[in-house]
Every structure is written in C-alpha cells, then in structure tokens.
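Below is a structure I'd like to ask you about.
Chains: A, B, C and D, in written order; residue numbering restarts at 1 for each.
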C-alpha cells in the first residue's frame, strides 16, 4: 500500500515537473515569437500562446504540487480568470488593430520585408 | 550593525538579482525614450516588476498595493491624461542633461557614502529589524487577535498615520474635483453621447468584451470584498479592496461608456462616499474619546474584551478606508473622463 | 567581513540607489510634464524598495503570524499598557538571536511595509493632482512641454507690453 | 446660582477638552473639511470654516496653560505607548507655531471672504474652503506630532491641499496652473528626500518616534547613515520651506495663488517647514557634534547670507508686488536660517522670534495687497498709485507692516533683528551683522519704492476700471479691513510687549539646546 502511495507521490511530482517545464517552454516560445515574428498579428499570436498554454500548464503543475488544498482551489480560480480574460484581451487588441486599419502582412516574409510593420495599433 | 551576520547567496538571491536587473533595464529605457505612450507603459512595467520584487522580499501587502495602485490605477490615469496630448516628448537640451546629471551624481554619492554603515541585507539583528518591528510581531496576536501584523500596525498601532493617509486620498479627490470639475461639460459645451448603442457595427465589435466583462465585473467586486474582509488574515485591506472595487466600475465605464457608469454609480454618491469614509474613520477615533479614553483607542469599544474592541475598531476604520479609497478613485476617474472625449471605437 | 561578503550584504542597497537616481534624473532632466511625473513615480517606487529591502530578514516569512505566541495571556492582560512610561518600552531591545523567531518562525519586519503602504497611497494622490494640472495646462497652452509654455508666456507678455 | 451651575457644567467639559486638545487641534479641521465639500452656498461654507478654525484656535489656547506649567505634554494616540504608537508632543516650540498657524487660519478666513467671492467661482467655494481646512489640519499636524513618519503624512496633506489652492488662482491668472505644477514637482521631490532621510534614520535606530530616535542615535553622529539622513532631511525640508537655492518654485506659487491663499501660505507654510527643520536638527540629531557644526558653519550660514542678499536684490527688480513680497520672504527665511545656523540658544531664539514676527508682517503685507486689489485690481507696483488717498487705512496698515519688514524701531521687526544682531555678535560673526545691515538697506529700497508709489503719486484716473473684477460689496470689504488693521497693530504691539513670543522662543531654544535628547 505504502509503495503505491509512494509511486503516486513520485508520479505526481514528476507530472508536475513535466507540466512546469512544458509551461516554461511555451512562455519562452511566446517571448521569442514576440521578438522574432514579422508583424503585429503574428506577434499577437505568439503572445497569446504565452497566455493560454504557458500559464495553464504552469498552473496545472502548481496545482499538482499543492494537492487537494485551498491553495489548489485558488490556483484553479486564477486559471479560470486567465482562461476568460487573456483571449478577450488578445481579441480586444487585435480588434483595435483591425479598426485602426492595420493590414496583416500577407505573402512571405522576404517579399514584404521592406514594409515591415512595427506593431502598434495607435 | 551586526558584524557577525553574512547574507547568504542562495536561489532567493538569484531571483532578487534578476528582478533588480529588469528594474535597471526598464529604468534606463524610460530615461532614453521620448515616446510618451511607451514611457507610460514602461512605468507600469516598472511598478509591476517592483511588486514582484516586493513579494520576494516578503512584503506581500505592499506588493498587492503596488500592483493595484502603481501598475493599475496610476497607469490608467496616466493614459487618460495623455490621451489628447502629443505622443512624443521633446528631447532635453544637453546643458540641462548635464546639470541634472551632476545633481543626481551628488545625491547618489551622498547615499553611496552611507552604504558602508548600512546593515547587511537580511540581517535579523539589524537595528530596524530587531526593535519595534519585532515587538509588533510578538504583540499583534495577543493585543488585537489579528494575525496579519501589517494590518494591525496599519490600523491600530499606527492608525493615526492611516487616518492621515486616508485624508491625503480625500484631498487628492477634492483637488481633482476643484481642478477638473465633475460635470459633463467640456469648455462649457455639453458633452456628446458616449456610445451609440444602436450602432450594429459597434455592437458586433464589442460583443466579446461585453459578455466577458459582464461575467467578470461581479466577480471583481466579490473579490474586492474578499480582500477587504480577509485583510486580517492575509494580505489585503481597505486600500487594496477600494482600488479593486473602483477598478470594476472603471472597467464597466470603459466597456459600456462613462454615462452608463455614471448612471450606475452617480457622481454625487461617489462624492458623499469620499467624505463619508474619512468621517467613519475619524468618528471611530472620536468614539474612543467619548468612551473616556484617548483618540483612536479601540480597546474601550468593547468594555469586556480589549482585543475584541481592537477587532471592532479595525473593522470599522477599514470600512472607512474602503469607502474613501473606492470613491476617490472614481472621483478622479470621472474627473478625467469629463475632460476627455469618451474612448470611442476608434481607440479599441 | 571581506569585500565579497560586504557586496553580497549591500548589493541591494547599491542597486536601489542607482534606481532612485534614475528616477530623479528623469524628473529634472525632462521638460515634458507627463514624463516628469513618470520619473517621480520611478523615484518614489525606488525609495519604497529601499524601505522594503531593509525590512527583509533572511529566511523570513511574510509578517502574518500563524499562532498565538507563548505568554499571550500575559501580554493581553497588559492590553495597551495604560500608563506605562516611554522608557519602559523603549529600553526593551533585543540582544541575541534567540529572541528573533516568533513562536518558532522567523518573520520579516512589518514596519517598512506599513510605511510604504502609506507611501504608495500618497504617491498616487500626488500623481492624480499632478495629472489634473497637466490636463488644465494642456487646455490652456495646448502643450505639455515646459519650453512651449514658457515661450507662450513670453509672447503674451510681449504682446501686453506692446 | 445659575452662573455657578453653568460653570459646573462647563468645567468638566473644559477639563476633558483640555486633556484631549492635542488630537482635537488636528482632527477638528481634518474632519470638518469633508463636511465643507457639501456646503454649496459659499457663505455657509465660509461660516463653517471660520467656526471650525476658531474652535481649533480655542483648542490651541487650551493647550497653552498646560505646556507653560509642565514644560511639555505628551499624548498617545490609541493609548499605544511610543515607540509602538504615535505620540503627540507639545512644548514651547510647537506651541508657538500652533498659535501662529491657528490664529492665521482664523484671520485669513475673516479677511478672505470678499476676496474669495471676488476670485473663486460660486460653485467651487465649498470645496475651496474644504481644501483650506485640510491644509490647515495638515500644517497643524506637522507641527504637533512627535513621530518622524507622521510628519511626512501630514506634510503631504497640507502640500497637496496647497497645490490645489494655488491652482485655484487660475481664474485670475492662467499661469497659476504652471506655478502649481512646478510647486507640485519640487514639493514632491522634497517630500521624497524627506522620506529617504526618515528611512535612513529608521535604518540607524529601528524606531520612528523622534525622542526615541534621538536616544538611539545619540553619540553615533559619526555613523554615515545618520549623516546622510541629516543631509536628506535638511534638503527635503529645505525644498518645502524654499531655502535659498531651492526656492525657485515659491515666487510664482505665491504670486499666482488666490489672494487669501497667498496671505495664509506666506505666513504659515514655509514657517511650518522651518519648524520641522529646527525640530529635526535640534531634537533628533545631535546638535553639538562636529559634523553638524561643520554643516552649520559651512553650508547653512553661507546659504542664509546668500539668501538675505541675493533675494533682496531680486526683490528690487520685481514689478509684480506679490512676487516682490515672495522674494523678500525668501530673504527673510535667510534671517531665520542664520539664527538657526548660529547653533546657540540666543541665535535659535532670535530666529524663532523672527519667524513669528515675519509671519505678522508678511501676513499684513499680503493682506494689504489683497485689500487694495479688491478696489483697483492691484498686481504691479504701478497699480498702487495714490493708494494713500483712496484707501488711507489700508495704506497705513501696509506702511506699518512694511516698516516692520525693514526693521524700523517701534515695530516688531526691529525686536527680532536686534536679537539676531546680538546673537551674531555673541558668536563673533561680524560678516553676518554686515549682511543683516545690507539686506535691511535693500529692504528700505524695495519697500520704499512701494510706499513712494502709494503716497507720492496721483491716483490713476480710471480707479474703478472695467478691467478689474466686479467690486465686492462694501460690507464684506470692511470685513477685510479688520484683520488687516489687527495685523498691523500686532506689528506695533509686539515691539512694546514681546514677552509672549520671546518667552516661548527662549524656552524653546533652551529646551532644544539645553536638554539634549529630552
């Protein structure tokens, strides 16, 4: 019995580690994307990855570590809040850019490089 | 100064170093930039990173407030004020730059001079940490039955400072009222209607925002009350709660228009609230006087148990703080929006 | 204490001082009023960092005391210590490490936190009034640059004299 | 019988009020301020503010016998014993300032009604008086407290209220906004320097109660943290009180503010900051230490002399009367600073006495300008033409205060300058005496310029010109004359009987320099 618990214990922390690392990877990828991608909309896309995948995985990992405690409930609430707000924020920003008549970059990067559009809706 | 103590180099210190590095970069960026919009956003970032650093330095209450006030409300106000002004600052003249540089150098040198006699970072026996602060930690529970020592010091031991602080906020609200007014007039002309609700296009573009904010606003207010009443046990209290609840109304105003927000929370109510909070706070102090003790003495509020009296008093003044802070934040917001054209679809 | 240890113990202060001076530099070097207020914010926030840094205790926790420390009844009986003299409380200085933990746990110092909460609120109050003035200045002069305002005033004076 | 019964009713109340006067002095205007916001009728708000300020003055008077009897009184907020809680501590030094500030609050309110009705929009008057009450509460709070951080909090209440009040002058002069903004930036830098100083003191001592800090840093004046704290507090408060090279914000702020605010600020705000500096330098730090001695001799005294001469010269060149008076104020702050930097009992006492007298004369001068502007829209020296004929009483009061500023015998200004000279000679500072004389001669010129315009020039033809604001009703205009003449009379009275301010200043200086950390 105790060995089963121990295995579960190890598995829990192992899984938490995987989630945290995965979350970290998405955050990093998002950050690189914001810096490297060519135009406003694609950068926004990269930033969205940080918000959704990155934070969700990190929160899941933390919840696994915290176990069945009040802390987990709070983390779940944080997750819920982010789940609702970050796509909305991304939507609002993209909407504003669209309203401001910011054209997305079409075609390949090399073709339109000259007209590189520094992101910014205003 | 305690010469025996040596600050350890551990994981905590490394986080510390990274955050400080970020602060330095953001600070230098603000110096270099001339784009006002970027400067304002970076100022918000600076506050947010500071808040993170405060968490790592165990100052959870301060971090909370800095994030809500410094990174939140301040940035909103800054954006509101710069909305119509030019977006770029004129670069400073070299003479001025050098003059400022030397003033700053002299000031910095005076502080650097003092560094050698400062206590080591983290020293538990340094003068600031081993004296009154420790005394508070030991007395807070028996004296006031409040585990969050920051709350008990803020509201009781140094409660008079907090009365002053609440009055500072009120004064600022009064100042904005006097300088900007709270009416709906811009230069004597009646303001145009905020948002055209019949406009199908506007409706379509705001659907997501409206739905989500409708879900969020009650939760934000609820969270504000949680922060208010949980302030005795965890980080939080009247200031943070006031700012959070005010931010719910501000969010409502941003999405549904300032007029709708003013219909829901009328300016008169807000003005009364601003004054009422300070009066509740000051009145709690007067109650101590009437019950035959000193000003702001909560012990006498409950004749049977002094700690319970403390709890009562602290709850009462925290409610006063909540009302004033929340109201003044809205006074300021209404004041600014009455001077600006409403945020229109074009700005989204 | 050698140089390395000194640096480890005082590195925070040095960085905080540099940050404070960055803020001060922004305030006095620029003529743009919004940027000036931003600098004021950075300056004040950095002063807050100075306070919080000095209140940190290594290995400490946020100052939220979990359980009643021993001797609670004794202290509670004293209540607010009516009538005790200043000197009685003042001389009770802590002298050795054994006194530091409260109920077995080390906490960071709450005083700087309390002071800085006040500081933050005062900061936002000043900011609000400053921004309100900026809005009015912009309405009056159509600019938020000191140079432009001075020039406008100079012209107005010249016109009045002529 | 009824008298005795009434007395029996009143006595306990008086005793109670006497015991709790320390917090009531500050809390009364602080809580009355928010109520004034809702008094929309200008006159009603004014009456309310006046009643409250009189009540505040009464509380200060109740403090007086206790302080004179016991030397000092302490009051613990929330009964928390310091250093745990905040302590109010009143001795002769703050009593002098409290009397001054609360009396000036009453006088400038009585004086200010016609001016406010002339200069402030009807709908804003309630809020205006609310801001005034908060400013008063802040200044009193700074003066009365014995806690270093509490000084900051109340300094900021008064400062923010002051920025707002100054900006209210924009209805008369649009430059008020810029003046208020510059004041705000400089004032906030000053406050932040002060906070750094207090933080450093806390770092060195672990406490915030002034007396307790003094106890802990006593004998540690070689501690670099304490030295830096000293420098930052002096600069921070120096900015707030417009100490010589840090004074740039003051002339514009005073010149553009509404007249009533100018009267009140000129006679109180810088004085309170000066008081705070005296309090920190002498009660918290160790005044006898070589470091402080060096700062006194090498920094403060030269600054004081520079202010006395340079700003007097600047005053000579001013066209705007209020700016002229403001520059003269900075020069006069130099006199006070000179007394302080002597570091002797006689010097500090003379400086404090001059502080009191300067408030009387500057208050009267600003009142005179305000009163004159009711009638002929006075802003520049030129506009004073013929005031001796058109408004003889105002002109006479103005003259008395002006003579007092120069330091002519038979006026209060002479007394404090005399003591300053005596104190300077005691220390052998001949150059300081020379500077005093030079500065006084310069004062003769700039005051003389105004008096000459007043008496020797014909009144302008268009006295009741259209360009000025509508005239205030004669009744309220008479109301303004009362405080003005009272102030002028005080300038003469305190020449013949300076026992009250002199006694308090002497006692204060003795307590500051004799008692050490007490």
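Rule of thumb we're sticking to: a residue touches a chain if its C-beta (ideal position, glycine included) is under 8 Å from a C-beta of that chain, and two chains touch if they have at least 3 such contacts.
These figures come from a predicted structure and were not determined experimentally.
Pairs A-B and B-C differ in how many C-beta pairs touch across them, and the larger number is found at B-C. One simple way to say how far apart two chains are is to compare their mean CA positions; for chain C and chain D this gives 27 Å. Averaged C-alpha coordinates put the centre of chain A at 58 Å from the centre of chain D.
Each chain gets one centre point, the mean of its Cα atoms, and the points for chain B and chain C are 13 Å apart. Each of the following residues of chain D touches two or more other chains: 78-80, 83-84, 149, 153, 156, 160, 163-164, 167, 196, 202-203, 207-208. Those residues of chain B in touch with two or more other chains are numbered 111, 116, 118-119, 126, 128-133, 135-136, 139, 158, 161, 164-165, 168, 171-172, 175, 179, 297, 299. In chain C, the positions touching at least two other chains are 20, 24, 28, 37, 54, 80, 89, 111-112, 118, 122, 125-126, 129, 133-134, 136. All chain pairs in contact, by the document's touch criterion: A-B, B-C, B-D, C-D. Every residue of chain B that touches chain C in the complex is listed here, in rising order: 3, 5-9, 13, 16-17, 20, 23-24, 27-28, 30-31, 36, 39-40, 43, 46-47, 50, 53-54, 57-62, 65-66, 69-70, 73-74, 77-78, 80-82, 84-86, 89-90, 92, 96-97, 99-101, 103-105, 107-108, 111-112, 115-116, 118-126, 128-143, 147-150, 153-154, 158, 161-162, 164-165, 168-169, 171-173, 175-176, 179-180, 187, 233-235, 239, 297, 299, 306-307, 325, 332, 335-336, 339. Here chain D touches chain C in the complex through residues 74, 78-84, 87, 149, 152-153, 156, 160, 163-164, 167, 170, 174-175, 177-178, 180-181, 184-185, 188-189, 191-192, 195-196, 199, 202-203, 207-209, 211-212, 215, going by the rule given at the top. On the side of chain A, the complex with chain B involves touching residues 81, 84-85, 88, 91-92, 95-96, 99-100, 122. Of all residues in chain C, those touching chain D in their complex are 20, 24, 27-28, 33, 36-37, 40, 43-44, 47, 50-51, 54, 80-82, 84-86, 88-90, 111-112, 115, 118-119, 122, 125-126, 129-130, 133-134, 136-137, 140, 149, 153. Contacts from chain D toward chain B in the complex involve residues 20, 23-24, 27, 30-31, 33-35, 37-38, 75-80, 83-86, 124, 127-128, 130-131, 134, 137, 141, 147, 149-150, 153-154, 156-157, 160-161, 163-164, 167-168, 196, 200, 202-208, 216, 223-225, 227-229, 231-232.
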